[in-house]
Each structure stands twice: as C-alpha cells, then as structure tokens.
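What follows is a pair of complexes built around chain A, which joins chain B in one and chain C in the other.
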Partner chain A sequence: MPPHVHPEGTTLRDPSKLFYQLDFNRRLIIASYWVVIIAAIPLWWHFTSIERLSLPTSQVHSQAANQLRFPVQIQLENIQDASLPASLQQLLDDRIQRSPQAWKGLDVRVRNQNDANKPGDLFTVTANDNIPLASQRDLMYPIRPGTLSMLADALSILLVPPTDTHRVAQYSPRYRLAFTLLNEDAAAGKSISGWDISGAISRHLSPILNGLSVLHNFTIESQVQFHAPLAFSPLSLPDGYGITPEDLTVFVNSAEWSLSSSVSNDPVLHFVIFIPSASRRPLQILDSRGSPSPSSAFLLPQWGGIIIYNPPPEQESHAPLPQSALNSIFSTFATQLLALLGVPNLPPDVQTDAPVLTGWQLDALLRRRALENAEGAQDTLKSIVKLVDQIENMPVGQDVKGDVQDSLTALDQMYAYSSTSLNSTLHQSADALTLASRAFFNPGMLALLYFPAEHKYAVYTPLFASAMIPMIATAVREIRAWRKQRREAASAAAQ
Partner chain B sequence: MLVVSFPHLLLFLFSWTWGILATTPSHEEIVGEFFNQNAHAGSSTSNHTNNWAVLVCSSRYWFNYRHMANALGMYRTVKRLGIPDSNIILMLADDAACNSRNRFPGSVYANPGRGLDLYGDNIEVDYRGYEVTVENFIRVLTGRMEPSVPRSKRLLTDARSNIFVYMTGHGGNEFLKFQDNEEISAFDIADAFEQMWQKKRYNEILFMIDTCQANTMYSKFYSPNILATGSAKLDQNSYSYENDNDIGVSVIDRFTHYILEYMEQINKTSHESMADLFASYDPAKIHSDPGVRADLFGRPLNEVRITDFFGGVSQVEVGNGGDGEARASPSGTTEEENSSSEERPAVAVNASQAQQKVAPPSRPAKWRMTRAWGGVLLLGVLVGWVGFKR
Partner chain C sequence: MHKSRFLWALCLPAACLSQSFSGETFDEELAIRALPDGKVASRFEFSTLLHGASPRNPRNLSSEDDSQHYTLFPLALGQVLRRYAVTELHLTLNAGKWNYDRWGYPDEPDVATGASMWTWMAEGSPIPRHSVDARWRDLRNALAGLFCASLASLDEQRTTSPVLAFVPQGALPAWPQTEPHALRHASLPSEHVCTENLTPFLKLLPCKSRAGLARLLNPHRLLDADWHGMGLHVSWLPEEGVRVRLTFQSVTDPLRAGNTRDWSLSSLFDRKIETACPVAASSRVVVTLPTDESYSIRPEPSFVGQGRGIFDLASQPLPLDVGLHWPTAFQYTTLPTAQSPLSVRRTLHGSSQDHSTLAVSIKNAGPAVVRVAYLETLPWIVHLYLHTLELSVDGVSRADVLHDLSYTAPIPHGRAAALEAVLDLPPNSTVSLRLGVGRAFLQYGEHPPDAQRGWELPGAVVVVLPEHPGNDSQRRIYTSALLVDPATPDFSMPYNVIIFSCSLVAFIFGSVFNGLTRRFVVIAAGPRAE
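Let's look at the complex of A and B:
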C-alpha cells in the first residue's frame, strides 16, 4: 500500500492561499507587534525616567549675587563743635577702607544735627567726661577733637567686633545645653552628691538665655555622675596633681562618659564640672612651662566648657556642691556660654551698666548671624543647582522645588526687612537657611546608583536584541515584498 | 539590496540602544576641573573641631568573619584614640559573633592566640544586618535621611569635621559588593563626597579601603581635601592574614592587620604623621601594593597627624573663655624635632604616590570600549544572520 494517497478529487492547496498566510493577515500581525511596541514607548519612558523638575536657577544665581546691607546711624549728642560728626565719619570711613571684609554689609553714617529721619538702627553717643559707659544703644564718651580717633576705635569694636570663628558654635535656631557634674571616683570618698542646678541656672544663665531668645531656643538637661575615670594619669606634683596642656586636649574621656542624651538632632553645648577623686586633689591645669595655671576652667571650641573643682579639704563626705562654689562656677559657665555663642566683648576701655548685654553687642551678634545665615542659604541654594546640573540622575521632586522657592522668598523678605527690623531679618535669614538645607537634605534627592555602560549592555542586549532583530528583519522583508508586488503590479498594468 | 540594508539595520539598532541606555556623565571632565581648582596649598595645621568615623563592613556570612574583624578592629582603634561612640557610624552585618559556627560565642578575634576580643563589652553597631545597604551608606554620607531617623544613625558633621571613612568587603575594579546582592561603584562614593563638600559637611576626609583592587575605588574622587589609601592596586587581590584553626576561617586581612598593628603604638597625644603611617606599608608583608592618593589633599602629609583623623579634639582654650588666652595646642614645643625626623618618610611616600597616580583612561578604557562594542556587534551579526536566513 502506498504510504499516503490523496483522495480523488482533492488537490494540494497553495500555502499562500491559506487564510493565515494571506499577505494582509500576515502584515496585520507584524504591524500589531509594532503598534504595541511604539504605543508602549511613552509609557516605558514615563515609568523609567527620573522626575527632575526644573529649579529656579536664574533666580538662585541673581539672589546669590545680592549682598545683605544694614544701615547704621550714629547720633552725636551734647557736642560743642559742629564739625565733629563729619570728622568722625571720615575716621570711620578710613577704617572701613582698611578692612572692608570686617565691615561687610554695614553702611555707617554719622548723623548731622540737621539730618532728617533716615532708616536704620540708631545709636547715640553722648559727650560726657566721665569714664566711657555703654548702656542699651547709648555710649557715654568724652568727645573732643583729640579723643575722636579713640572713639572711632571703640565704635569699630562695638559695631563689628572681632570674632573667633574657630571657637563660636555654628548657628542653629535650637541648642541643647547639657550640664554635667562628674565625680571622678565617688568610691574614694569626699564626693559631691548634688547641686542646686535649677537655682544656679535661674540666677546666672536665665538672664543671658532670655537676652538671646531672639536668636536661639534653648533646651537644658543636667545630670550627676559618680564614676567618671580619666583616660590618662595626671602628673604628680609636690603639692597635688597637674594636667599638662597635651593631656588637656584629650581630657574628655568620651568613651566612658556619657555627657548628653541623644533625644534630638539639635547641636549640644556641654558644660562639665569635674571633681577629681579624693586621692588626686588638688588637680590643677599646668601651662606649657609646667607651672600651675591660675585658671581651673577651659573651653573646647564649639563643644563646651569644663571646670575642674577641687573641694576644700575640710569638705565632708558626700555633700552637695556649696553655694559659693556654685556661684563662681556658674559665672564662669556664663562667660563660656557667651563665648561659645559668639557674643562679642565690649572694648576694653568701655564699662557697662546693662544687666546682661548691651544693645550694641546684641545687634552686632544679630547682624553677624544674619549675614552668616544669608551666606549659608545662598551657598546651599547654589550647590543644589550645581549638583542637580552635575549629577544627571539626581531626582528633583515637588517638595525640593517648593523648599527652594520658599527659601528664595525668605531671602527676598530678609532684604526687605534689613533696613527696618534686625530681628525679622535674622528670622528670615534663619528660615532661608533651614529651608535651603531641608531642600538639600531631602531624602528623595538620592541620586540613583551609577552603572557602567557595560553593565547596561550586558543586561539589555540579550533581552532586547534577540527580540528586536527578528522583528526588524521580518518587517524589512515584508516591506521589500510589498514594494516588489507593487512594482510588478505597475509593470503588469503598463503592459 | 540585502548588503546595503544590513549595515543600516545594525546602525539603527545601535543608535537606538545607545540613545536609551547611555546616560554616563562625563566624569573625566569634572575630575579634571576639580584637579585644576585644587591647586592651592592649604594651611599646615588642621582646622577641625570634631572628629567622625564611618566604618563599613559590607560583607555578611560566616566565611567573611575577617571583614567583620577588620571593621571591629578599626572601631576599637578610633574609640581608643578618642572618637566618642556618638560620632562613630558602624555598619556591620554582625553575624559573626553570635554565629552558631562560632566556637567562641559573643567574641570576635583578629589575632593569633585570640588575645584580644574585639567584640568586647561595649560595641554600638548603628546599622546592622540587612540595614547595611548601598542606599543607607550614601544616605549616611549625604545626610539625606527621613526626619524619623535617630541621632545615632546620622552623620551630623559640619565644615569643621574631620571624617575617617573605612570600608572593607569583597570588591573589584571600581566597585565594592554589599552583602552579595548589590554593589557600590567608585563613582557613587565620589559623587557622595562631592555632595558633602558642597554642603560643607567636612573639613577633611581620610578614605581607607581594604578589598581586592581597592585603589580603583578612590580613583574617581574629585572633591578637595580627601586623602585616600587602599590595600591593592588594579588586578591585585587583597589577602587575608591569619587563619585560626579553632575558629576555622581567616580572621583578618593583611592590610588592615598591619595598619592596626601600627596604630597600637599610637596614643591620643602621639605626634606621628600620616606620612609615617604610609611609610610603614610594606608590600612584601601585605602581599599587594597599597596605594595612597594625596593630590586632592591640601596639606603636606608629614604635617598631618594620625590623630587628626583617628583621634579626638585637638585644641583647648584655658581660662574663662575671654579674649587673649593662650591656646594650648599639642604641637608647640616638639614641632622642630618633628619636622626634621619626618622628612625622610615623606619623600618615600611621595615617591610611592607617583607610582600610584591614577592612570589616565586612555588605552585600557579605549580597549574596553572597543571590546564592548565588538561584543554587541558580534551578537547583532549572529542574530541578524539567523533572522535573515530563510
């Protein structure tokens, strides 16, 4: 029997006449693949692209070029010679020219008697032959042609006090003050069991903290510890023990003392009273020549202050810190706090009758902090723009854009306030800095990871090339066949 | 017809792939720009007022015991030299000490004879286990955290902070693996450091890395004031130092071991400089060529104290905090003998630095590019051929 015989009357069908091999159907199928791919491209683009909203770049750059300026007016009163204001102005201008960096942002004008009211902070200098005395925004000073140069020097220190940027803590709207009483070793006896901390704070620190409340918000915490060993052994002296300058730099035994809680992210200023162990008293600070220094306090820049307190030998065991010691210790803490917060000193020859701070000092501090903040905000905004430009896969979301815009608005308002209200200027500058930093530290702005080009080829090529090349090949073949058909049809029609 | 359309087809395919996939930023340009900017020399004493350390062990599992020991060894050293726990960010898988295979539960040893338990009694691991990720590491550096993240997990540095960044794990050319499921590239770290610099989040950085081909990891840095050192150059492995037969695995890597050994003679007030540390590197002992990169760093290395990065604060003002007090600085009296005795090692380091200079991306990079394109071309030809074959 033959293997396979078609029944009578049937013929082989031409494959090209099968319905699923019809040119039209085949082309429809191929085209539908392409339609899906092309239609999916926008979707794919949308889901794989990084959201990068445009930032107000030109605004940031124009804002960064701005410079905060504070007009300051000085009024001379009770003077005999009408030419004195002009010569004082001349002397101040000389000083401004000599160190423009220190006087940055300050427009100082000495008022003539007939000057109308101009905007700006008004300071008054009254002629008086007693000792120089600064009170709120006034200064009593012997004003004579001969003392004018000294007055100009005093005014420079009052208006633009020299500052130690190394020591002063960086500006923050909130600080935590951590007070710690450390007994090196209470077990050795004669330890200090406690202290009247709230009384001491309200007596010595509250006036300062209230005076500075326009600048900072303070949170206070305190603790007493009974075992706080040193990480080194003090030098033994004939009359007690000494700490060399070298050991002083590593005095804080951070591995074993826990000096502050970590409840918040605010910067902490530490204030420590260290009570040496009974077997190591008196403990003194030595200077570089090895002789005991009269001071028992020292300051770690931007960190805080430490006082070594040696209880008197007649001290009974386990008693609280005596009131007299507490007073002297806290007045030192107060000085250290002022130094750490950058409150300027008065000129050496000028006395004061103000309880805490004079208006001169507070204003100088406000001006400096506002300038710092404004500069910080401008720098941060510039870096955001620069980094977004530089790192191409860094996302920029709506909240970042909003914060940048708000920060720019705060800067604008700061300039508007700069001639009228110093407090508002500082607040706006602090807001601008906070907002700019928040934009910079936005958790969403994490740049996606960088992958080398080879990695991308290695991942995508096996996936896409094997699928795409046959599809392109069929499409090309199909187009060629179609064009051939058309040519043949055309030539057939021509014949 | 076919001959003409085939190259066209490939061309189309390649331009399409290129357009979509190639988003490489031109890092070389940025690098060049920053090298030029940073030509000025900085001051010789450090300006920092606080020290921070970020210690990363990017491996997990028992067989990577040595990487955890590396990180814990560094942790012990920086803590001993005065960086408080609050200023140390330790990222550690932390599955060695309490691993069921550990014959000495609760302990991690890195030395023959198991003399020193690195796990000790006071370890604060800030990022543990699966929290050790590339993303978290970049977030720690750049400070881009959710508001809810606690203080202990944050790097709260400012413009006066010196930061010591130590990394260890398994790596390769320009990458470091994190826990076998992702990797960080040299570009990621370089970009993170640049973002820190832009936000004034550091004064100086010491970057130290112990992994295979470690020196490639710092080759992409372009921000100023970064001093970098690594354990092995391109195409070199970094080897382990000690096999403990009781523990059953290698307990520490050579590079880290010799650094820690050197550090043991340093105390909080030591005057040794970074140049001394780098001069102590011995390729014969380490079994690979450690590298140093100082071209971004502003100060001469023989004036940079080891304690500038590994220690606590450096300056103290005695008195009541008013004006005009003498500033006690540990330099002072011994400065002179220092500078004379440190001259020699400095020269040695400079020489080794010259060897370690980052190779310009000329020939090897081009060759890699050609190879990559060749591969794509070959694949395209093969698939195209199959597609056209009737």
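Let's look at the complex of A and C:
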C-alpha cells in the first residue's frame, strides 16, 4: 500500500509512525493516567473517610443484660423458737413476690443459727420486749410469732424504703450546696443584713454531710442579696400577703436572682431564705383552698429548698438574722437536704439512737444509688451503640472507644464488688455512669453530622465528571481498536 | 520571723474568706466633672473590700478550697477568682475612643477600645491545667460567661506579656516555693459593649441597680453617651484585703440637646437618686466645681473643699438630683488647648494587601524630657520588620531617643507579637517612629466573621514611666485601634467558585489529555471539485 500522498504529489511522513502516535506509546499514556487514578484511590479514601472505630457492641449488650444483685443476710438473735427464721423468710418471700420491682437486685436470706458464713451484708435483729430500736446494723424488735408479720413490714421498709424518685436529685459524686439569703427589697427597710452561716452549717449540716461522705462530697457556698424581686405579685390578704400554689411553681426568679455561677459543672442544690419586702409582710404560703398554710417552707424537686421568713414587726432596721430563726431554718434545710439526697426514713414504729443515719438507711441508699447508676450506665452504653449504628456519618474516635471500654471495665468491677463492698460497688457504678455519659456527649461525634454525602458529590462532580468522561471514552475506544486489531490479526493468520 | 509570717499569710485566706458579714465593706462614689469642651465626664466607682482576705496560692489548687461565704462581695466573681487563683485582675469593656487631647487623662486609666484584660497570676503546681496559661484561658472563658462578652476570643493569638506597661496596682504576695507572678494581657478592639454586658455588671453590685448610685446606671442613657466604658478591677492590698472595684465611666454631651453646658443627674441619666443603698458604708456624689467662672449648684453640697462639692447620701434629702448651672452661654473655642502634655497619633499607610507602614508620632508639649514606654501588641497576621525602624525628631533622623527595645516575634497561627520600646521624648517636639509591616496570608478558617471588614489591631499604649522607680502612679495613653485588611477570599459563593475553577481545571486537563492520546491521520482531500 502506498504511503499517503499529498495532492501535489509530495510524500509525507506517516503520522502513525510518530513516536507518540505509536499504538504502544499511546496505550502507555492512557494506561499511565489510569494507573495514577487507581493508585490515588486508596489515598483519597484515606483522607476522606471518617474515623469510625468499632465499639465493643456484643460486650455492651451482654453487660446490659446483667443485673446487679446484693446479697443481704438477716440474723435473728435471742429467739426461743427455732422455726422463726424460716417463717420470716417465708413472709419476706411473699412480699418480694408481690412487688418484685421494689425488691429488684436484692437477695434476702434469713440465716439460721447454724448457717455457715455466706457472703453479703449482715443485719441483726435481736429480740427484746421494749420499743423497736434501730442502731447501726442492728434492730431490736419484739419477736413473737404474732409480731412476725409486723417485723417483715418493718424490714421491708428498712431494706427497700419507698422513695419519690422525682424529688431526689440525680446522683453525683459531688454536689454544691448554695445557701442564699434573699431580701426582696432591702431599701424598703427592716431587711436582714447577714447571718451566721458558718455556725449554722457546722451545727445543723456538718453531721449529715459527714454521714453521707461515702456517697457524696460537698462544696458549700453562700451569699446574701439585697434586691431579689419576685416575678409575680403576691395575693393581697386581709392580714398580709399570700402565695398561691400556682405562684409557687414560678417562685424562683432565675432571671433576677443570680443564685449560682457556672464555675463548675457539679450539680447545685439551692437553699434559699426569702425575706419579703417590708411592705409585703407577712408573706404566707396558701394551700389549694386559699387559706394560709402553717408551713413557710417548700421544696422544689431536684432543685432545692426555699423558706420564707417574715421578720418580727418589732425588728429594727438592717439586723442580722436572729439565732433562734437561724436554728429553725437550718433544721428545715437539713430535712430538705436529706429528702433531696434520697435518704430514706425509718419505719414509723422504729426509733433510733444513731446520731444521724443508721447503717440500715445508709446501706439502702447506697444500694439504690448503685442500682440507679448501673442502670443509667447500661442504658447510656446501649444508646451509644444504637446511635453509632444508626448514623453512618458519625465519627467514633479513640476517646469515645476508650471511654466505652473503661465504662465496661468499671461495670465488671462493680459486679465483682457487689457481694463484698457496697462502697466500692457504688464508686465503680458512678465511674461507669460518668464514663458512659462522657462518651455519649463527646463533642467529636458531632463533627461531620451535617456534612452529608450529597454535599460531597456536589463538590466533586464538576471536576471529576468532566475529567473522567474523556478518559473513559478514550479507554473504550482504545480497547475496541485493540480487539479489532486482534481479530484482524487472527483472521489474517487463519487465512 | 519572716517564715512564720509567710505561714500565717498562707492559712489566712481560708479563715478570712469563710468568715461572715463582719469583714466586708461596700463604698460607692459618683464623680462628675465638666470637660473643657463642654462635655461631662462621670465615673461611678463601686468598691467592695474583703477585709483580711488574700489571694489563693496556686500551689493549693489541687487541694479542696474552703467554703466561700460572702455578704456584699459578689459570689460569682469570688468563685472565679478563687478557682483560678487570680491575684490581680483588670477587665475593661469600652466603647469609643477616649480623646486625650480634649478631655485630658481619664479618672480610670484603662480606656482601651473594646475588651481589654490583664491579670497577674503566680505559676502554680506542675500540673498542666494549673499553669498560668491554662488558668488564663479558663479565666477568660469564665469571665466571658459572667459578662456575656467575647472574651474567649482573647486567645493565645492575642495574649502578650509586656514588661513595663502594666504594673500591679495592689501587691503581689511572695509565696514560698511558688514562682513569681506573671502578667497576661490581651485586648480585642472589635468587641462592642452593649446592654447585655451592663446587665451582668449590675448584678455584681449588692443593691443591683435598684438603690443607691447604681440606680443612675440607666442603659438607655449610658450607651447613648459619646464615650462609655465599664471596668472590673481586683487587687490585693496586704494591709486591708482583697478589693473589687467596679467602675463605669461615661462622657456625655449636654450641648447636644441645647446650647448649654448645664447638667443635672436627671438630664444626664434620666433618673434621680431615690433611695440609698442600705448596705453601703459610704455613698457620695463628688462634683468638680468650675474654678474661673460663675456657676450655681443645687442642692447645697454637704461639704465643699479642694474645688469639689461632695454630696453624702446619708445626710442629703432624697430624692437627690444634683445639677450645675452656668449663667453664661458656652463659647466654643476653635482651637482646643491640649489637655495632656503628650499626644499620640498612630496610622497605617500603604495600599497593597501585603505590605504597609506603621507610623506613630508622639508629641511632647511639655518643657521637660519625658521617658515613655511604647507598647505595640499585634496579632500574628501582621508582623513588623524591625530593620526598617526609623526614628526622627521633628523630621530630623535621630536614633538616640530610643533607649531600649524588646520585641517578641509572632508565631504564625500561634502567638501575638509584642514590641516594647523605651523612648526619651525631647521637650516641645514630636518624635515619629516608622516601621514596615507585613501582612500574612490567612487560611480559610482563620478569617473572622464579616471578613471583608478586616482585622482590628489593638491600640498601642504609651506609658509615662515614673522618674523615680518605685513610684507606682502610671499614666497610660491608649491610641485608637487600626483596621487592617488582609487578602480575603470571596466567601459569598463557594459553589460558584468551586464549579468555575473545576470547569477550568477540567478544560485544561481535557485538552492536554486529548492532545496526548489523539490519533492523527492524513486524509487525502482528493481533487477539488470544479
């Protein structure tokens, strides 16, 4: 076949013989482009992928199925009838069966005299003929076949006291107790200018705080304010002013009263003495029928306690809070503090000689807090796993994974301690809950939530679509040409 | 003997901060003076003294602090001070530029535009989160929350530690085994002062804004003033205790309403003092009386002396509405006489986006040589070329006025630059200082909101150094802030930019790729059809 001939007859070089027009070189060029792209894919993948470490899902689920159990042993002392332990056990079992939710996590066993030492906290009930008396972990009770049912009732209140969960503040290893003396309007005269707060705290609250030191640490702060207006106007009564139950719900005027600063994240329990303005005395709390109630104190669930104090009319201008008023106010604060922290009451017929708390009350509180924390930690861990499963764009970093694992470890240790040490169980459960919450609220998990895949494609398409189309078209054309060449070569060989 | 006194000082704060109301006093004062240009400067000062208290030693930060019981002292502030072991703290939020030439020196020296903060803190235990820098960061965040101000933006990129300009106003305790105190200073000129800052400020006062002098702090009038600023100053006075001063200064223009200089509390603040704050140990209104003109003041001051009329709220009938009246009309003087012997001008020249010149001229109108420290703190986006430093006196180049120069170089994306120069200002002459300034190229995320507006550079500070060392009275002159506009991308249409640039890249790529892979053939066109 003759070379291409110029119309005017001059001979040209065949373009297909040029270096870069050689089939092999052209294919090499195309292939090199593809090699670069394919080699870059892992790099691109690495730089655009979200770090999602795998969470110990199966461990979380198996841990969540676990149930914290506290063995409790009751020893009857000084009894004549040997069959009494068995009957008491029977009575307690009946009560457990009737309300299993209340007795959750508790294995109660009434010991026979000859039982060997088994694990668990030992409580002793001693028979006597006086009034029932609870001391540390002992209870004096008249044990006769006839009073056995009453004893079982008393024991159930001591072991699993009924609580108002809405009122009790959520568990925290540290609380801040903020005491505030609020004068509604000191400029109106006859205000309270100060108080002996340190003395009142050491007299009324320090024993309680020391008694509860295994559960919580406390930071105490106090302030006096001289202008703390109410957000509503109290009802005018013939002999003073009154606050209706509806007004009590909006009594705290958080916009105007700077009750607490945000210097730490510990939960705050507020204790407020409110001194009405001299022009609005006496200020009383009304009951639902509109008549003044004898109490001047009320409790805001999980928030704190408030006492309205009306200074006597004969009080001079700007005097400190009188000692007698301070004592009665702080004993009310002490009761409110116990209620807010969920400290259980003793059964109504049982007296105590313990200064603050009996071992029965403290142990019941420890058990309940540990159970709450354990459940909270398990729920939080389950939620994290579920959330991470649901949202595929959510990054899971090493800190989240580490917190989840540490929380699981704390739960494991909590189970290990549950039959030996109540204090350690509580501490481990609190650690587990803190770690689980920290993992759940890790700010790193939110980073890419609002950067969806569509967004990425919108950014990539203008570049990649217009660059990839000629590359794919050339590759297809070249592969076709190569196959055609092969076919032609084969048919040429066959001929 | 000294040892035992130190130990005594160590255990003192606990005992004193936990003691109740006997150890706190609250004083308030309002000082009003007419300025030469007819405006009226007023300064509120609310001072709470915690008797016998002393700052917390940062060595004890790991151990439990004692309970804090306060009666008059603001608890929210006390907690912050104890938590971060702050010895001395100064925070000011000012709006506008204090005009030294017309108004003279302000009563409170800290009048930097925007937010400005400086503290003295001791280096604590080796725990990293107890270091000065960590506590400085946390303190900023805490105060940002307390005052609703963008103090968190006063980050490492704006923090400097100049040596001469900010000497402690109180004393610094010398704790054994503790590193000496360190200064941290930062300012943010673009912070706007507003009602949202005034409200938390008022909440720190024992009587809020409901009684006493604080009743006059009417946001509608104060924020309308020609210049206004609030300040928080905490210092430790070893003989007395920890003192917190809350100040509010404003410059109001009575001439704006009518052609008269007459002012009264109700015309300045639209309020009168109706009730006294019952817990204030002293509450006074101090009026500086005119010296060379006839005037009448109403009501009669409780006490007149040293050219000042003093109204004591305890002895004055309430409501109190102090007013000053001039019988003669105010004459505008065309050439205001300079009220301060020093006058500072600072400008940034140059039209390009990468290079400009900083020109400062300091005029000394006085008859004597004045030694000053010139402090320039700049965020890293501008950097100074020190080799271009030129100094001239009245246009004649002179290097001998520069006494001392220290420069902390900026770290890009990290640390601010600080230039501190000690200058001897010759009498009746103007010293000018010129420096080349380079501007950095910012990353996408480093631009502030409203990036096209540019960055505000904090004002320079000129400090008149006392002639005798040990004399603590420092006079500071703040210059106005400067605006610098670094190269700014078009943030308005990211998708359009992406699509345009991608199309261009794709076009170039396609051309090159096609040129490399196209098959060339020669086609015989054949004889032309005729």
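We adopt the following convention: the second predicted complex is superposed on the first by the 461 of 495 C-alpha atoms of A that agree within 3 Å, B and C clash if a C-alpha of one lies under 4 Å from a C-alpha of the other, contacts with A are read in each partner's own complex, and residues count from 1 in each chain.
FYI, contacts are C-beta pairs under 8 Å (C-beta built on N, C-alpha and C of every residue); 3 or more make two chains touch, one makes a residue touch a chain.
Quick caveat: nothing in here was measured; it's all calculated off a predicted structure.
Bringing the complexes onto one copy of chain A puts chain B beside chain C with no clash.
Of the two partner chains placed by superposition, only chain C is touched by A:Ala186; chain B is not.
Of the two partners chain B and chain C, more residues of chain A are touched by B. Once chain A of one complex is fitted onto chain A of the other, the partner contacts of A:Gly194 are limited to chain C, with no touch recorded for chain B.
Rounded to the nearest 10, the angle at the Cα centre of chain A between the centres of chain B and chain C is 70 degrees.
By the touch criterion stated above, A:Gln336 is placed in contact with chain B alone, chain C being left untouched. When the shared chain is aligned, no partner comes close enough to touch A:Asp412: not chain B, not chain C. Once the two complexes are overlaid on the shared chain, A:Asp93 sits clear of chain B and of chain C alike.
Applying the stated contact rule after C-alpha superposition, one finds that A:Ser466 touches each of chain B and chain C.
Once the two complexes are laid over each other on the shared chain, residue contacts for A:Glu372 go to neither chain B nor chain C.
In the superposition on chain A, contact of A:Phe251 is made with chain B only, not with chain C. When the two structures are aligned on the shared chain, A:Phe298 is found in touch with chain B, with no touch to chain C.
After superposing both complexes on chain A, the closest C-alpha pair between chain B and chain C lies 5 Å apart. Shared contact residues of chain A, touching chain B in one structure and chain C in the other: 262-264, 466, 470, 474. Those residues of chain A that touch chain C in the shared complex are 4-5, 7, 12, 14-16, 18, 20-21, 26, 29-30, 33, 185-187, 189, 191, 193-198, 201, 219-227, 258, 260-264, 317-318, 320, 458-459, 462-463, 466-467, 470-471, 474, 478.
Touching chain A in their complex are the following residues of chain C: 18-21, 65, 67-72, 74-76, 79-80, 83, 142, 145-146, 203, 206-208, 210-211, 275-279, 495, 498-499, 502-503, 505-507, 509-510, 513-514, 516-517, 519-522, 524-527. Residue ranges of chain A in contact with chain B, taken from their complex: 166-167, 170, 231-232, 245-252, 254-255, 262-265, 267, 285, 287-288, 293, 295, 297-303, 305, 332, 335-336, 338-340, 345, 379-380, 383, 386-387, 390-393, 437, 440-447, 449-454, 456-457, 460-461, 464-466, 468-470, 472-474, 476-477, 480. Contact residues of chain B toward chain A in the complex are 1, 5, 9, 12-13, 17, 21-25, 30, 47, 49-50, 79-80, 82-87, 122, 134-135, 138-139, 142-146, 150-152, 154, 156, 158-160, 174, 182, 184-185, 187-188, 191, 194-195, 198-200, 268-269, 311-323, 326, 328-330, 332-333, 368, 372, 375-376, 379-380, 383-384, 386-388.
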